[in-house]
Amino acid sequence: MNVSGIIGYPVTPFSDVNGHVDFENLAQVIDTLFSAEVDAIAALGSAGEAAYLTEIEWQKVAEYTVKYVNSRVPVVIGIAELTTAQAVKRAKYAYEIGADMIMVSPFSYYQLDEDELFRHYESISNATPLPIMIYNNPATCGIDMSPQFMLKMVNNIKNTCMIKESSGDIQRMHKIYNLSNGQIPFFNGCNHMALEALNAGASGWCTAAPCLIGKQPKYLFDAVKQGENEKARELFYQQYEFLEFIVHSGLAAAVKSGFSIQGTPIGGPRKPLLPLTEFSHQQLKTMLLKLNSLT
Amino acid sequence: MNVSGIIGYPVTPFSDVNGHVDFENLAQVIDTLFSAEVDAIAALGSAGEAAYLTEIEWQKVAEYTVKYVNSRVPVVIGIAELTTAQAVKRAKYAYEIGADMIMVSPFSYYQLDEDELFRHYESISNATPLPIMIYNNPATCGIDMSPQFMLKMVNNIKNTCMIKESSGDIQRMHKIYNLSNGQIPFFNGCNHMALEALNAGASGWCTAAPCLIGKQPKYLFDAVKQGENEKARELFYQQYEFLEFIVHSGLAAAVKSGFSIQGTPIGGPRKPLLPLTEFSHQQLKTMLLKLNSLT
Amino acid sequence: MNVSGIIGYPVTPFSDVNGHVDFENLAQVIDTLFSAEVDAIAALGSAGEAAYLTEIEWQKVAEYTVKYVNSRVPVVIGIAELTTAQAVKRAKYAYEIGADMIMVSPFSYYQLDEDELFRHYESISNATPLPIMIYNNPATCGIDMSPQFMLKMVNNIKNTCMIKESSGDIQRMHKIYNLSNGQIPFFNGCNHMALEALNAGASGWCTAAPCLIGKQPKYLFDAVKQGENEKARELFYQQYEFLEFIVHSGLAAAVKSGFSIQGTPIGGPRKPLLPLTEFSHQQLKTMLLKLNSLT
Amino acid sequence: MNVSGIIGYPVTPFSDVNGHVDFENLAQVIDTLFSAEVDAIAALGSAGEAAYLTEIEWQKVAEYTVKYVNSRVPVVIGIAELTTAQAVKRAKYAYEIGADMIMVSPFSYYQLDEDELFRHYESISNATPLPIMIYNNPATCGIDMSPQFMLKMVNNIKNTCMIKESSGDIQRMHKIYNLSNGQIPFFNGCNHMALEALNAGASGWCTAAPCLIGKQPKYLFDAVKQGENEKARELFYQQYEFLEFIVHSGLAAAVKSGFSIQGTPIGGPRKPLLPLTEFSHQQLKTMLLKLNSLT
């Protein structure tokens, strides 16, 4: 299993009528990612409002995504469950439906210590042969895992083989690279830190941005890889305000507003999340008009 | 609905054999709280591992608790759900089974702004006539609500009428008291801050400590109310190390270890939570021996 | 040396004409503290803009204060120097002029580790026989000393015998009390935490508030000591907004505005500090009118 | 005035005998920076223990450095004074002795608001025609200035024309670049963030590292500028552990230990700072041996 480049994150559309998952619109979202030529698709991450789905909805979205992608690119399934039992159950489900990889973050009500986290990951690893991307996102999951600890898991738990870092601290990536002699693949999960993450050696960039700005993240990735630094810097700063905006105004709400702005209304986020305010919606519209006229 | 004094928090025992909720042991836990003469019982809070229960388990524990308490003291049911729909559903359930009050905290995967939080509480308030205790616990729930915002909700959402503050910052209580002219009841949710919370005007103290140290929290409450400051200080410092210990080593694991130490084994917490380490278990044993020989 | 109760902090008046220290006004400030019946006077603390005085000014203010107080109450001299050599020099000066005690905080450009801090205090202690109050104020001094470390110094450096805690975290006071079995005197240095500090066992309250609200801090101190909890709470909440205001708007600027409001203009703070804005000045005026009409 | 590239920071050697500044050793330190081919020299920064010098020592070091450098490269003089009057005095002194630029940071005992900071910089700017590099280093100076505020000063205070950012948050640099359309030069002041700062558009890197590892920082700078990304990454990770080490163990102590390791003992730092522990000294020795054998 070798993933690199742009890993695209679909949002999960809900029907405006009955609030159910809208699979036709989900297909459109995935098609949009294919148009953006993403290198992999990660369903049921933060952008996908996975935390707000019932278990059955979660299963259906996972299954639908795997089928619809149909092996054109690898499919990663996100798992962020409160209990180990639930996480194991979902890992098994992901395996059964043919996912290529799982991306696993702890999700906390209580603080967990490293011993608890290690056993959590170990149990999930024992449940299936799927490769595991360890996902650190303290802002959403409430737990912050150090580079040292994540590398310890990679070295001691059989299926854990890569790391997605979303803490927003570039030093974490330096530590991962340095402590593993550049041998453990890591991915950027903080949109507005993409330039430095890629320069620091990230294998790829996990992002919902291609839902709205197409191949531009890919162009940035390519420019860094080819040493075109001026171009990379220019591309990054073109996208910067937008990348920061979607993070700070809420990924799901922002991306869904963006779809509506670009002519494909797919509904709003699930409550308690609210759609963007009219003011933010207009800000996003201005950004997208500018960005999408560039190419 | 007028609650004050010590609000006792039961833990949720699980069977060592099959991991299911063990209702016989739950009865024992509740009996222990009655022996400690608590003024109310709050089921399904942080101590009760509510976040780790399935929906059906949650319903059964809520129902069992209401029945078992049988109106001897008021029963508060904790609700900390990710989606508004789920929170509303549980509020309705609590009402149907005869709970006296609900304690509602947001629980976040995504950061929620005040508009989103307000509507979340409003929807829950509209669902039942039950009084609502607004519960602020950023460490577990991932969202920190300011005193100003919580008072705004109390003043504008019909059933919200009291506040439980667990941030650990005594200034929050000063703000609540000051901005409401001492008119809005607030409760201490930070065990090792009980002395100052009560002196600052808290109506009561929400705590699982009576599970292990009986009436001692009540004695502290009474000493403060009666202006016996030296005695209050003495009682508080006697309990201090223990109170800090159960918070920092994890409420559920610590309280369950304590039951075992005191001759009533009720099993460990649910994974990913682990039982106390042997070292911590021994520390707790020493503290309990000392504390429970005092009275 | 036994200090307890209210330790009053004078500000340092500067001439509006030439910017020099105005000793006539300083006498008035000290008289105001005597009217408020403070139990000790601490010159050259944060309120006194000690950090902004030249060495000669600092010496003159210290000397003048000791002479003017003339043993009516103990005089504490604050020392917060960047280098150990300067701190030692000032400690010797304080001793020569007849001060009763020194209050010593580290002041950092660089972070100092505990070994560096320990030797710093040790050198100062070796320089004179004066009792030393260890002063922890991370917000101004840039270094945060743990209760454990300060107690270690009290136990191992001969003249260090009491602690002033200004971090604003009530748990620090609990730790000091608990770890020393209530044997090491500690003082509250966070105005809007006075109620709980005194209830937690503080020997006194270090404050510039008596410059503006006379005996009211003393009444609060007495009420707590006498177990008049309702009265203590009432007094505290009367002062609360004011106490928070002078901390958050800058002690020196606020107290100097207050003197002007109350008919004794003593000039503004030294630049870069600016006087209160007109808006804040009016806020303070309203608070003082209300507070000083109460008694 | 156009500065870019590597700005080298000398340490200030003190005599082991009498503690005075040792100018012969200072000359050696500056020679070392010339051997490293730095593009400018910044005296009296954090590395130079400027905060620990008396006013006269400060003046002598400034004057000596300007004379010794003798216009071979531009000389920047660091100013971080508590009062505006002192900062103005030192700026005038720097101008009189022929410095090319001043680097000005606030230094706080009290928190300063933006109005106070603006006037502080304005007064300094009015005192001389020297270009001013605004220096943000919250860890040492105790004040954190936002990119927005610093840009406001650059746009409204005549001599402020560039920014040195040392907060360690790469987003600050993105903001500076983005909000100024890449027009305002900014410099990296956080050693272990050099790779991303340069990729983000920094004009240069302010560092004491060339004191110990010669031209290696320059090679990194050049590699980024030439788009040799693999090489830049390799160079950065070679230096990474060392760069992080000198920041975290204290710049002055670490660099002075390093001089001793490399055969030029120049004494230790001034108290309360202590030399590196033997353990840290050995760590540094190992790093330097490895790094300096690479080239």
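Letters are used for the chains, namely A, B, C and D, taken in the order the chains are written, and counting of residues starts over at 1 for each.
Everything that follows uses one rule, which is that contacts are C-beta pairs under 8 Å (C-beta built on N, C-alpha and C of every residue); 3 or more make two chains touch, one makes a residue touch a chain.
Since the structure is predicted, the reported quantities are computational estimates derived from the model, not experimental observations.
Compute the shortest path length in steps from chain A to chain C over the network of touching chains.
Between chain A and chain C, the shortest chain-hopping route counts 2.
List the centre-to-centre spacing of chain A and chain D in whole Å, with centres computed as mean CA coordinates.
For chain A versus chain D, the centre distance works out to 38 Å.
At what distance in angstrom does the C-alpha mean of chain D lie from that of chain B?
52
Let me have the rounded angstrom distance from the C-alpha centre of chain A over to the C-alpha centre of chain B, please.
Chain centres of chain A and chain B, defined by C-alpha means, are spaced 35 Å apart.
Among the residues of chain D, which are close enough to touch at least two other chains?
none
Following the definition at the start, I'd like every touching pair of chains, please.
Touch list across chains, by label: A-B, A-D, B-C, C-D.
For a test of understanding, state which residues of chain A touch chain D in their complex under the given definition.
Residue positions touching the partner: 168, 170-171, 174, 177-178, 182, 192-193, 195-196, 199-201, 224-225, 227-230, 232-233, 237, 240-241.
For the complex, which residues does chain A have touching chain B?
Checking each residue of chain A against chain B gives 19, 46, 51-52, 80, 82-85, 106-112, 115-117, 119-120, 123, 139-142, 250-252, 270-274.
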